[in-house]
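What follows is a group of structures, each given as structure tokens.
Next, two complexes with chain A in common: one pairs it with chain B, the other with chain C.
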Partner chain A sequence: MNASLMSLEISVLALGLLLMLADLFMPVERRPFLGFAAIAALTALLIASFSGYGSCSISGTAFNGMFVNDALSLFFKRFFIIAAILVLFVAVQFADRIAVGIGEYYSLIVFALAGMLFAASANNFAMLFVAIELITVTFYVLVSFQRGRIASLEAGVKYLILGALSSSFMVYGIALIWGTTGKLNFNELAAVANQYTGEKIFLLGVLLVVVGLGFKIAAFPFQIWAPDVYQGAPTPTTAFLAIGSKAAGFVLLLRVLFVALPVVAAHWVNLLIVMSAITILYGNLCAIPQRNLKRLMGYSSIAHAGYLLLGVAAIAGNVHDATAGGAAILYYLAGYLFTVIASFTVITLVVRKSDTEDISVLAGLYQRSPLLAATMTVAMVSLAGIPPLAGFFGKFLLLKSVVALGAVNQGYYCLVFTALAGVVISLYYYFGVVRAIYFSKDVTDLSPIAVSGSAKICIWLSLAGILWLGIFPNTVLNLAAEAAKVLSS
Partner chain B sequence: MGLPDILFYVFAAFTLLFGLLVVANPFSRNPVTSAMFLVLTIISMACLFVLLNAFFLAAVQIIVYAGAVMVLFVFVIMLMDLKEEERRRIKTFGVVTGIVSVGIILSVFLKSLLGCGDSCSLPAVAGAAPVVEGDAHSLGLLLFTKYDLPFEVISVLLLVAMIGVITLSKKDLK
Partner chain C sequence: MSILTYISGWPLLAALLLVFVPANYRVIIRFVALVATFISMALAICMFWHFKAGQTGFQFEQQVPWVDSLGISYHVGVDGLNVGLILMGAIVGFAAACCSWEIERREKEFYILLLLMTGGILGAFASLDMFFFYFLHELALVPTFIMIGVWGRGERKNYATFQITLYLSIGALLALIGLIALYVQMGAHTFDIPALIKYAQDPHNSLSLKAQNFIFPLLLFGFGILVSLWPFHSWAPLGYGSAPAPTAMLHAGVLKKFGIYGLIRIALPLLPQAAQGYVQIIAWLALGNIIYVGFVAMRQRDLNLLVGNSSVAHMGFIFLGIASLNLIGITGAVLIMVAHGFLAALTFALSGYIFKTTGTLEISELGGLCRKLPFIGTALLMAAMAGCGLPGFANFVGEATVFFGAWSQPALHTATVLAVWGALVIGAVYMTRAIRNVLHGPLPQKFNQLADAANLWRKLPYALLLVSLFLFGCFPKLLTDKIEPDVKPIVTMATQARAGVLPVALNSTPAISN
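Right, the complex of A and B next:
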């Protein structure tokens, strides 16, 4: 037993409990400061995870191989902590619109983070299920947190019902896998999976698990919930759903497919190719007519799940060397993190005064606040994938990893063309947002937007992230390649 | 075919029948009736667990699901005004899509069950006493040794659910 490997998770859980307690003793008007306290504590944890001191960066397994610390889990844990810090910054900006329990809101974000950290280290189907439920149950509450707004409650109910459905699919799949093989541990399963590739019940179980994870990453055909929930949820929750929940889905998908069941994944190359292609097309085509900013981001996040699945399909094509595809996925997620935070911070600040979240609220933004206008532009350009920003390099790496396999399976070439078509389509609606900022005719409101100090920190951090990843990709890419080695079998 | 086999088919049939009556009762559209049929479904499933020698699971099934959870269901049904539900017309579209999706899932299951041939059924060992697994003792041991970590994480999950319920249902918005 090696429980000290879990020092990050334990600290994060303790932080969540402390926030709850502090909220109890703090006068109402001081409660927003809890957000800064949480940010400070998480920053300390992040530094600890990078410093090499402390047990969280040692590799090893704990609890009979149920919990694993390796390069992959470490990469994702740092990723999740950075995501939570930036989401807390957005939540601090959003605090005035949450009528009740801002302290609980912060601590729930921290608990969701704990679930994601456990997900990054899960090496057993029991652990996978518990971690994903911790994340999802927390998000049910976070999504419906603005209970004075009908839209938020509606989104919460939709997410609850569809989330429960997908969880039941997943737990059924796990039961079938356990019933046929008698193993829940990923490494033990990998050792015996060869004997079961012909058994349809076993394959059905794996398929149902992939369905459950597909819901979390919002891949076609499990994407129905995403636009409604993204639109209705409070903005910081939407940002956390778009990065945290999606990345947790991806780390579990990668582990299940390539650590536990590489034999099955290798058989399912065509399935993954089709899933990726349809997800890209669906997300991009449906985003075109959208006028609501958060709904637009919802469809865009479906499209990005599709791009990330390019990498999954690439690893499935050659399960013995996951470095190219895996590194591309991790790098892309890192770029996506900063881009999403940048755009949602701007959305939070701009729609503070107006009730609508229509694209037209961005009209004349370059006069109201040049900083916000520039940030939104950079975020959109990066999402569209234009050099020299993070989004471009990520898409380039993903496409490169897929093209490299084209000689083996012609399907990969079709996939590349679909992805490129998706990128071209996406230019239209991303630049629709940019056009609204700079070239809108009917500008009604030209009052300057106040940007507080903490919002500026958040914006500069995410801008720095986008530019740094785009111009100097090597540091993160090396870490990502190191992490992806875990996935090679 | 021994008595346990016959009992299995009897209780499996009961489970299916009552399950069907929960969602599609031709005689009554009263939600309380549906809830009562759900109780019967759960009890038949508990009987199936007994047939597998999983007495602990059978007891939990009855105490937790048929007892506690169902009381909550009935409470919620009685607190809400569900007259609307009784008057509601059944939409053809919903029925058709429902039947189609159930049919697809059923065919996938049948195909995989029939496709696996002999490998699905356990090898019959002549004269060997059936191995009893899943009694309360071994379940408890497993929960607190091998599966200790997920078990502890579930406590966090319950805490989160509690916080959620309180914040979402608290009366005063202060």
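Right, the complex of A and C next:
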């Protein structure tokens, strides 16, 4: 056993506990500073992960192979820490709308982060389940944190019920897999999976695990919860759900499908293609009539889950070389991270005064705060996949990975054209947001919006991320390709 | 750094600069835009002057690796194919910036978008890397939609924006899939066009007919939608009719040529067998442009819609040139691309001026404008004459060359005859009718106060475009000398595969590449 591999996770958990303790002893008016303390601590950990000190520089396995540190987990750990830092920035902006327990809110975000870090390293179904539950249970609380708002409570209950349901599916699936094969470890499973591909019970188990993970990433037909929960949850929680929770679902899905069960994944190519295509169409078509900004982002996040599944389908088509598809998924997630943070920061700041989250609150934003208007525009344009922003290069990589397999399986060409249709549809609603910002006819409120220093830092960081990933893709793409090699079998 | 980087870099840099200029500094904003486009134009003229005709390979090349793992690099360079296009694009960019005085609200955003469009499309024409080629075009395309949606005119503005966005996005994405498929199927792990062409010249590496037949239609119809190939043209007249004049000038003049340029630069040399299979289809679709859209243009009551339709009709000649698949025809197609760029920019600039002063473009409400607007009227008359292919203007040279090229292809005789008829008769009918109704006849009472383009400054963009049309009309050698040597290898590649249809023959004879 090599516990030092987990020093990052241990530090993050310690940080969460420390925040809770500090919350007890700190006078109420100083508690918002806890957020900055958490940001500083996580930044230190992020720097440590790049410096070569700490657990991130060591690769290996711990706890009988339950926990693995490799290029893939390293990529996702950095990703999750960056996501948590930016979400904490959003949470600091949101602090005035959380009546009690802001310290707990910060520490819950840190706990969820710990769950995601474990998810990045999970190499065993037990570990997978523990990580997922750590994430999901903290999110039950995070979603319903605004106890005074009915919408938030309603979202919490919905998330709880559907989350518990999906967890039970997953645990059932894990039980079936264990029952048939007697293995929980991914590598051991990969060695024996070949013998079980004909066994219905085993396949049912795998299918149920995929159902549980499909819930996390909000892929069709497990996407029902997303719009309601996105709409009701406090904005920082929504942002974290959209990136952290989704990315955790993807890293687990990738490991289960391509490290543990590449044989099954290769068998289910058509299933993955259909799932991806329907998710893309569902998300984009349902987003068209939405007026609530967060609900719109909810449907858009479903659509993006569909685009990411393009990469999963592409790897399934050629499980021996996951570099192209895997790198595309990781790159796309990186771009999506900054875009989502940028848009939710703007939503947090704009919606502060008014209760409504209707698109019309953006009217006149151009005069109220040019910076916020520009940020929202850049985020929407990037989500729509237009150069020179991050979203374009990500989509390009995903499409490339799928087109590459078209000659083998015609289904991939159909998938590409579905994705095309999705992109064209999405232009309509993303540009609808941009239109509301710049060209609304009847603008009632023209009071300037104050943007605090910390909000500016967050906004500039996300803008820099979106542009950097769009214009200089080399560094991150190489990291992503390195990480994706882990998935090749 | 190559001069080409500066040509497209100046407008982009100016766009970035304008972001930081406060919106009420109107004079400065306009000044920055004019200076940037002027420098870009001056550099383009300089580049054109120093271009050595007949040299093999690309000139003013620059290559900087961008994404190593995918083989994407920033690679720019010119040969005879794009040297004229870049010159034309830069001149039209400056003229469009000059004509933007008609924009009176949200000038800052308008100029930023205009500069993005200019820089993006010049970069797209200069780039020799498929990825950047697409990337920069898309960068130029999106501002078009926004400009029509915001600064557009007419009641059908929203519908026009919707339609043009939908059509052009689909077209661009289809082309993107085609380009990606080409990259993947070639297996050369590079997006570099010259490298791909070199790679494909080895007969062992050329694509299978099946792969070609999948990719070519994607490129043909993807690019075709962008060029308003019949029957995917319906976005164009309405879109241009609703667009503010500078946008219509840049899009109809420059941006639209991207698709044809892509076909000639990428599709013909890399997918030769499929191209030969599609020759007849392209020719008949081109006739759809020339004749069908020509008839539609005849029935228009709005000057802008008429001009828009005629611009769609002109695209037919270019496609006919491509369909001829020989040196003369494709040289002619490139000539028309340049000539039509000047012409379309000129006509949309003029119709924009008329709309600005009279407030309408309904042909029935106009009349006798030549009396009040002698300069604008004369310029419009000349543009119309150039549009019907009057000798002396660059369009005549291009169209005549295309007809010669197409006629030399026995399979295209019928199409050529019909196209000539369409060019000479249909074009002449709607153009002369429009001239009679708009410029001659009685002047309506309400137009007694109209003012002509007042000073040299206002006349400059029109004069510049007219001079360019004349210059290349009278001295087409300036262009043809440059175009021909570089079209030759493309035609060779596109036709050599005729032997390739019989694999035995191909293996026994070495490739004709050198």
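Throughout what follows, the second predicted complex is superposed on the first by the 489 of 489 C-alpha atoms of A that agree within 3 Å, B and C clash if a C-alpha of one lies under 4 Å from a C-alpha of the other, contacts with A are read in each partner's own complex, and residues count from 1 in each chain.
Note that contacts are C-beta pairs under 8 Å (C-beta built on N, C-alpha and C of every residue); 3 or more make two chains touch, one makes a residue touch a chain.
Since the structure is predicted, the reported quantities are computational estimates derived from the model, not experimental observations.
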Chain B versus chain C as contact partner of A:Leu399, first or second or both or neither: second
Touched partner set for A:Val424, first chain B, second chain C, both or neither: second
Touching partner for A:Asn478 - first (chain B), second (chain C), both, neither: second
Which of chain B and chain C A:Gly182 touches, first, second, both or neither: neither
Partner contacting more residues of chain A (chain B vs chain C): B
Which of chain B and chain C A:Glu104 touches, first, second, both or neither: first
First, second, both or neither for A:Arg435, with chain B first and chain C second: second
Contacts of A:Val416 with chain B and chain C, given as first, second, both or neither: second
First, second, both or neither for A:Pro221, with chain B first and chain C second: neither
Of chain A, residues touching chain B in the complex: 13, 20, 28, 62-64, 66-67, 99-101, 104, 107-108, 111, 114-115, 118, 124, 126-127, 129-131, 133-134, 137-138, 140-141, 144-145, 147-148, 199-201, 203-204
Residues of chain A defined as touching chain C within the complex: 374, 381, 386-388, 392, 396, 399-400, 403-404, 406-407, 416-417, 420, 423-424, 427, 431, 435, 438-439, 473-474, 477-478, 481
Chain A partner contacts - residues on chain C that touch it in the complex: 19, 66-70, 109, 131, 135-136, 138-139, 142, 145, 149-150, 165-166, 169-170, 173-174, 176-177, 180-181, 183-185, 211
Contact set on chain B toward chain A in their complex: 108-109, 111-113, 115-116, 119-120, 146-150, 153-154, 156-157, 159-161, 163-164, 167-168, 170, 173-174
